[in-house]
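In the two complexes below, subunit A is the common chain; its partner is subunit B in one and subunit C in the other.
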Partner chain A sequence: MKLLATGWGKAARLALLIGTLLALYILAQARHDERAHIREQAVKLTPGCADKLARYGLAAGASYTSPYALAHSGQASIKRGYSTEDVRAIQRGCNIIDDLQGQLAADPARERWNSTRFVRGTHTSCDHCHQGIGDKQTAAGAPQAGSLSLAASWVMADMYDQFTGILLPYELRQMQCYINSSNGYKPNVADDLIRDVTAYSRFLAAALDLRFGNHYAEQGIDEVTASSTLKRGDDYVRGAARYKEKCAHCHGPQGLGTVVDGKMQYPAVAGPNAFNQQSRNNFSFVSTILPGFLCRNMPLGEEGSLSKQDCRDIAFYVSNMPRPAGDKDGPLAALWQQLMMRVMPPLIQAVDTWQGHDAPRDTGT
Partner chain B sequence: MRQAVSTWLTLRAGPIGNELLIGLTLAIVVLPQAVAFSTTLAGLPSYFGIYCAVWGVLFTALLNPSRVFHGGPNSTQSAVIGVTLLPVAPQFGPDYIGYALTLFLLAGMIQLLFLAIRPLGRFLDFVSEPVANGMICGIGLYMIFKSFPPFAGLPVNTQVEWRLWIAWQSFLAVLEIGNMHAIHIGLITLLVTVITRQFKALRNWAILLGIIAGTLYSEYLNAHLGIGETLVEQTANISPAGFVYPSLPLLSQEAMPDIISIIPGAITLALLGLFQTVAAMRLMNRKSGQFVDARHGIFADAVSNCVLPFISALPTCASFNRMSLMQAMNTSSRLAAASSALFLLALVGFFGEYIAIIPVPAMAAIIMVVGANMIDWSDIKAHFQHRPEAIVFSASFLSVHVFGLFGAVICGSLLALVYAKWEKAHPNVTLEGNVLRIRGNIYYGSLPVIESLYHRANNDRRFDELIVDFSAVHHIDPEGIRWLAEIGRNDRVRFAERRNGQDRRDDAGGRPGERKRKDRRRRQAL
Partner chain C sequence: MDSAPDAALAAGNERRRAARRARLAIVLRGALAAAIIIGFALWAHLGSGRPVFSPHGKPEAGWEAFRQAYDVDTFGRDGYFVRAIQNGYNLVHHTHQYAWRFTRKRGSDHPNACINCHSAESLAYAFAGGDRFDARLGRRISFEEHVQRCYATHLDGFVPTIYDPAVRDIRIFARMVAHHLQLGEGATEGAP
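And now, the complex of A and B:
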C-alpha cells in the first residue's frame, strides 16, 4: 500500500495531530477523575444551608420523614431515603443556591462546580431572586406566596413556558436562568451544577411535602399587571423618587450594588453586574415580573409595604438604567450598552454632585 | 495479497466505479448531517433532512450541469429555519411542520424571483472569492465547534449567540463531564479516519472505515457493558420511511398573520441558499476547470425548492463541505451526486436497522473531519499575499463567528465593494516632466486625486504647455467630462490620446518590477 505523501513534514503534522488528541484525552481523563474525587468529598455547608438542611432533617438513610411536614400537618409523611451521595449532592446544590459566587467557599471553583464560569459579573447569586435559599417563608413559617420557590417549581417540572409556549423541563428552566437573569451562559444540562441544584430542589419538595404536578401559591411570581393598579400609568419620574427613598440605600443611587471588602453585600440592579436586557426581570421586556417580585420581596424586612403602582414605577425606573445587552440583541447593541454602562454612571454622579442632591457615596462596583 | 488488493481497488476505481464510490461516500457523509440538521437545528423530524438529501440532491443534480455540485440539507439554512419558526409554534408539532413547509415554499418562490429578475441575480456576484473562502473556513471551524458536545455524548448547547464563547464552554464540558465511552468511540473513529486518509488506496474510503470502526467498538461496548451502562446515543431507525412523503404547506386564512411574520425569515433563507450556491459554484468552477454559469445553479435551486415543500423535505442549497469532498475525490460527472441520492434512498430503505446502530459520537467525529477539510491552507495563504484581500478574508471569517453567516456575507461583500471603489478612487496618475498621464477611471471619486496633481503641474512655470495624456483611461463619467472641458479652456493644456500601441509596448518593456505594484509606483510619482 502506498502512502499518499511521504516526507517528514507530513509525518510530523500527523504526529502533532495525534499527539494533540492524546494530550486532550489525558487531560479529559484527569479532569474526570478530579470531578469524581470532588463528588466523594464531604461538603462544607454555608451557615444558611447548615441551618436549613438541619431543620429539614437531611440525613442518609433508608427512609426520610420531614420534620416540617410533621410539625405542620401532624402527619408523618414517609418517603424513600437518601444515600450518602444523594446527601452530598443536595448539600452542594444548597450551597450553589445560597452562594453561587463562592464568597463563603475556601475554593470556589471546586466547591461550586465552576459556577462563576457561567455568570458574567461578580454579584449574581440564585438566592437574590429565589430568596430564603429557594424556600422563602413568612414569619409564621409558611411558604411565602409568589416567592419563586424552587420546591414548588420542581413539582411543576415539565411545564409549558408561558411566554414561548415551549415545554421546558426543570433542568432547562435552570439553564435559562444563567443566560439572561445572570447575564451569562448555559451550563450543559448534564453538568453537576444543574444536577445538584435539581437534587436540592427535589429534596425541598419532599421536605415541604409538596405533591408532584400541583400548583402552589409560592411557585413563580404574582405578576403585577397594569390593569391591577389604579391605572395612572407607569411613571419613570415617580419611580425614580420611590427608588431613592426605598431602594437606593442598599442598591446604590445608580443601582450598582454595594460591595464591602471585595464581597458583594447587596446586588447590582443595573450596570455590568446586573441581569441583562432580555431577562424577564427587565420591565421593558416583560412588564409584570419585576413589579411582582418587588411587591412580594422588597425591601427586605418590609415586604409588602410597596403599593402595586409603586412596584411598577420602580421597576420601570430600574429597567431604564444601563445594563448589559441580551443574548439575542446582537454585537452592536452589546457594544452600545457597554458604552452606556461605562459612560453614564460617572456622568450622572458628576451632575448629582454638582447639583448637591447626593453626597458622593461608595457605589462599590 | 497487498498487490491483489491494490489491483482490485484500481479496477474498482475505474471511471464509473469511482463515481459510484464517491456517491456512496457522499451518501454516508450526508446521512448524519441530514439527521442532525433537521432534528437539532431546524426542529423538524429526521425524515425532512433525509428526503432533502435524497430528492433535493437528485433534483439539483439533474437540473444543474455542474459536475461538482452537491445540494441537500445545509446547517445554516436549518439554523435559520429553527430561529424563524421558534416564536410561531412549538417545535416538532403539526403546526410547526405546516409553517415550516410554507416557509420553504416562500423561500423557493423568492429564489424564482432572483432567477426571473436578472439584476437581482447579478447582485449575488458581489460575493467575491475571499468572502466565500472566509465564510467556508468560518463554517468549517463552526462545524468542528458544534460537534464537541455530541462527540462526548453530551446534549447540544442550544444557545446560538456568542458562538466562540459557547464553543469554549462546550470544549470545557467535554473535558470535565463528557461520557468517556462516547469519547472513546469518537476518538477511534477520528483516528481511523485520519490515519487511513494517509494511504492513497484508502483515501476515499476513510470516512466509511472510520464509521465502521466506531460502530464496531460501540457494539462491542454494548455487548459487554449494555447500552444502559454506556449511555451512548445511536442514530434513530429510519427504515419505516418510504420513497416520498407527500405534504402540503399551511396556507389557511387563520395562519396568515404568522405567515406574514415569517416572510423576513423566508428572504433570509432564500438569500442564504443562493449565496452559498453561487459562491460554491464559483469556487468549484475555478478548482475543477469547468465553467458553469451561476444562473444554472439559481435555476436548479429555485425549482427544487418550489417542489421540495410538497414532499416533506428541507430546502436545498450547495454544500461547501460535500463539494470539497467531491473535488478532493476527483469527480468527473454528475453521476456521483445523482448516485449519492439513490444510494441514500437504498441505505435508508434496506439498511435502516444497521444505520440505526451508528453511534452519534462517531457521526460527530466525521463532521469534525469534514469541517477540518473545509479549511484549505493553500487558499488562505493566497489571500494573505495581498493586504486588502487578507482584510476581506479575515473580516468574513471572523464575522461568521460574530454576526452569523448572513452577517458574514453582508460584511464581506460590503468590504469588497469598498475596496474596489477605493482602488478606483486612486487612479494611476503620473507627472513626467510636463506630461500628466492618467490611467484608470476619471469619475467623481477619483477627480480630487487627479485635480491635485493637475494643479501642481499647472503651477509649474518651467514648462510652457501641459500635456494631459488619457490614452489609458477606460471610463469617464459626466463630471469627468465637465472637468476635461473646463481644463480644455486653459491655453497651456493640450490633450493627448494615443492608441497606437507605442505606450503599451513601452510599459511592457521597462521596469518589470514596478509594473506589478502599481500602487507603489503611483505613490512615488505623487
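And now, the complex of A and C:
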C-alpha cells in the first residue's frame, strides 16, 4: 500500500514537471506567433518617420535609388531593393528611434516591441541624443556634423571601443545605450527591437549613400575638450548659474524634466528617469561628449549660442546632480545614488523656497 | 603481558605514518596540478605556436599579398581590428584549420573553406546587402546568420554563436573588403 502511494507521488511530480514544461513551451509558441503576426502588420508611422522615409523614397521593390543621393551627387546609385517585410522592419526601427516610449503609439507594447521593458523610467527616447531621428540635418539639408548619426555609426561599426575593450558590433552598441543611457536592461541581440533599429540605420546609410569604413563628420559627437577652451577650468558654480539661465526652463530646476498630462515634454537630465553614471553622457565618466552635445544641440531654438566653456560648465553641473548608479558601480554606490535621488530634490526645493527663489515647477517623476 | 601496549604503540605509529603519507599525497597532488597548469600556460604562450593562444594571427600564405592588395594598412599595421581582419582572412581561406570546431571538413576534403565557394568580393557584397528578408526561410536573415548556416550546411558542421570570432571575424573581413571596394549599404555587383 505504501509502495503504491510512493509510486503515485512520483508519477504526480513527474506529471507536474512535464505539465509545467509543456505550458512554458505553449506560452513560448504563442509569444513567437504573436511576434510573427506583429511583423506582418502594417506599420503606423510617427509624423517624423512618415516625413523622413517619404523623403528618402522608401518603398518595396527590386532596386532602391536614393532621391537624396541623386539630388546631391547627380548620380543614381542603384542599391539592392527592399521587400515589404524589409520595409516594415525599417519603418518599425524608425518609430523606435523617434518614439521609444510609444507615446505616439496606439498600442505601445506591440508597436514598440515592449521597449519599455528595457528602459527604466518614462522619459528616455533614442531621439533625445540621436536627434533628427538619428539623422539630423542642417537647414541646407546636409548631414549635421557631430550629430550622432546612426547611418555613419553603422558604416563604422565593429571598430575597437575603448570603453568596453572589444570590437564593438552595432547591436552591442545599442545594448549599451539601453543599459546606460536608458539606465535599463539589454535586449537579446536577436530581439526585433535591436534588429529593426539596425535595419533602419542601414537604410539611412543606403539613403545617404555612405561607404563602409569611411569616417563621416556626422558620426559621433563633435566633442568639446578642455584644450578647446581657454582652460579656466570647469566650474560647477558657473555651470549652475548657466543651467538656471539656459536649461532649467525646460528640464526643470533640478533636472527632473517636464511632464504634462502624463506625457514627457522635456526629458530628465537627472534623477531616476535620466541616464546613469556610466553613460557616456555623464561628464564624470567622459568629459567631452555631453559638452559637445550641448554646444551642438542646446538650447532648443538657440543652438550654437553657448560657448565651449559654458557647455563644459553646464555638463559638469548636470553630471553632479543625483542620478542612478551605473551597472558596474556596485550595490553600495547604487544605494547611495538612490538615497540622493530621493533626499536631495525635496531638500533643495525646501531651501530654494526658503530663500525665496522661483516657485517649484511641474517636474517629472 | 607486554604485548598489548606494544601493539597499541605500533598501531598509533602506523596511524601517524598513514596520516603523514596522506598529507604528503595531498601536497604532492596539489603541487603536481599547479605544475601542470603552469607548464600548460608556459607552453601555450611561449612554445605552442598555436594561434588560439596568441593575440597575433598566424601569417598564412598569401596574407601579406592580400594585405597590400586590399590596403589593410588603412586601419593600421596592428591593432584589434587588423588582427580580426587577419583572423577573418585565415578563417575564410583555411576554414577547416581555424574553425575546426564548427566543421567536419578536413584538409583532404573539397570544399573545406569559405573561399572555395565565395570570393572576398562576393563576401563584401553579401555583407553590404545583408539583413534582408529571405522568402525561402520566411524571415529576415542577417549576414551573421548566413555564416552560421554555412558552417552547419555547406561545411557539414556546427553552428557557432553569433558572438564567436568564427562569425565575427568573417563579418569584419567582409566589412574591410567592402571598405576597400568603397561599397555602400545595399551595393550590388555590377550596379553603378
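Methods note: the second predicted complex is superposed on the first by the 356 of 365 C-alpha atoms of A that agree within 3 Å, B and C clash if a C-alpha of one lies under 4 Å from a C-alpha of the other, contacts with A are read in each partner's own complex, and residues count from 1 in each chain.
Just so it is clear, a contact is a pair of C-beta atoms (placed from the backbone, for glycine too) under 8 Å apart; a residue touches a chain by one contact, two chains touch by 3 or more.
Computed from a predicted structure; not experimentally measured.
Overlay on subunit A: subunit B and subunit C clash in the combined arrangement.
Touch criterion met: A:Arg80 reaches subunit C, while subunit B stays clear of it.
Once the two complexes are laid over each other on the shared chain, residue contacts for A:Leu27 go to subunit B alone; subunit C is not touched.
In the superposition on chain A, A:Leu17 makes contact with subunit B only, while subunit C stays out of contact range. When the shared chain is aligned, subunit B comes close enough to touch A:Asp327, but subunit C does not. Using the contact criterion defined above for the overlaid structures, shared-chain residue A:Ala190 touches subunit B and also reaches subunit C.
Once the two complexes are overlaid on the shared chain, A:Val119 sits clear of subunit B and of subunit C alike. By the touch criterion defined above, A:Val155 reaches subunit C but does not reach subunit B.
Shared contact residues on subunit A (touching subunit B in one structure, subunit C in the other): 166-167, 189-190.
Residues of subunit B touching subunit A in their complex: 2, 5-6, 86-87, 89-91, 149, 154-155, 157-159, 161-162, 165-166, 169-170, 172-178, 180, 183, 187, 190-191, 194-195, 197-203, 402-403. Partner subunit B is touched in their complex by these residues of subunit A: 1-5, 10, 14, 17-18, 21, 24-25, 27-29, 31-32, 35, 114, 117-118, 164-167, 179, 185-192, 327-328, 330-331.
Across the complex, subunit A meets subunit C through its residues 63-64, 75-80, 82-83, 85-86, 89, 154-155, 157-160, 166-167, 169, 189-190, 195, 198-199, 202-203, 205-206, 209-214. Only residues 74-75, 79-81, 84, 127-129, 131-133, 135, 139-140, 142, 162-163, 168, 171-172, 175-176, 178-179, 182-188, 191-192 of subunit C touch subunit A when the two sit together in their complex.
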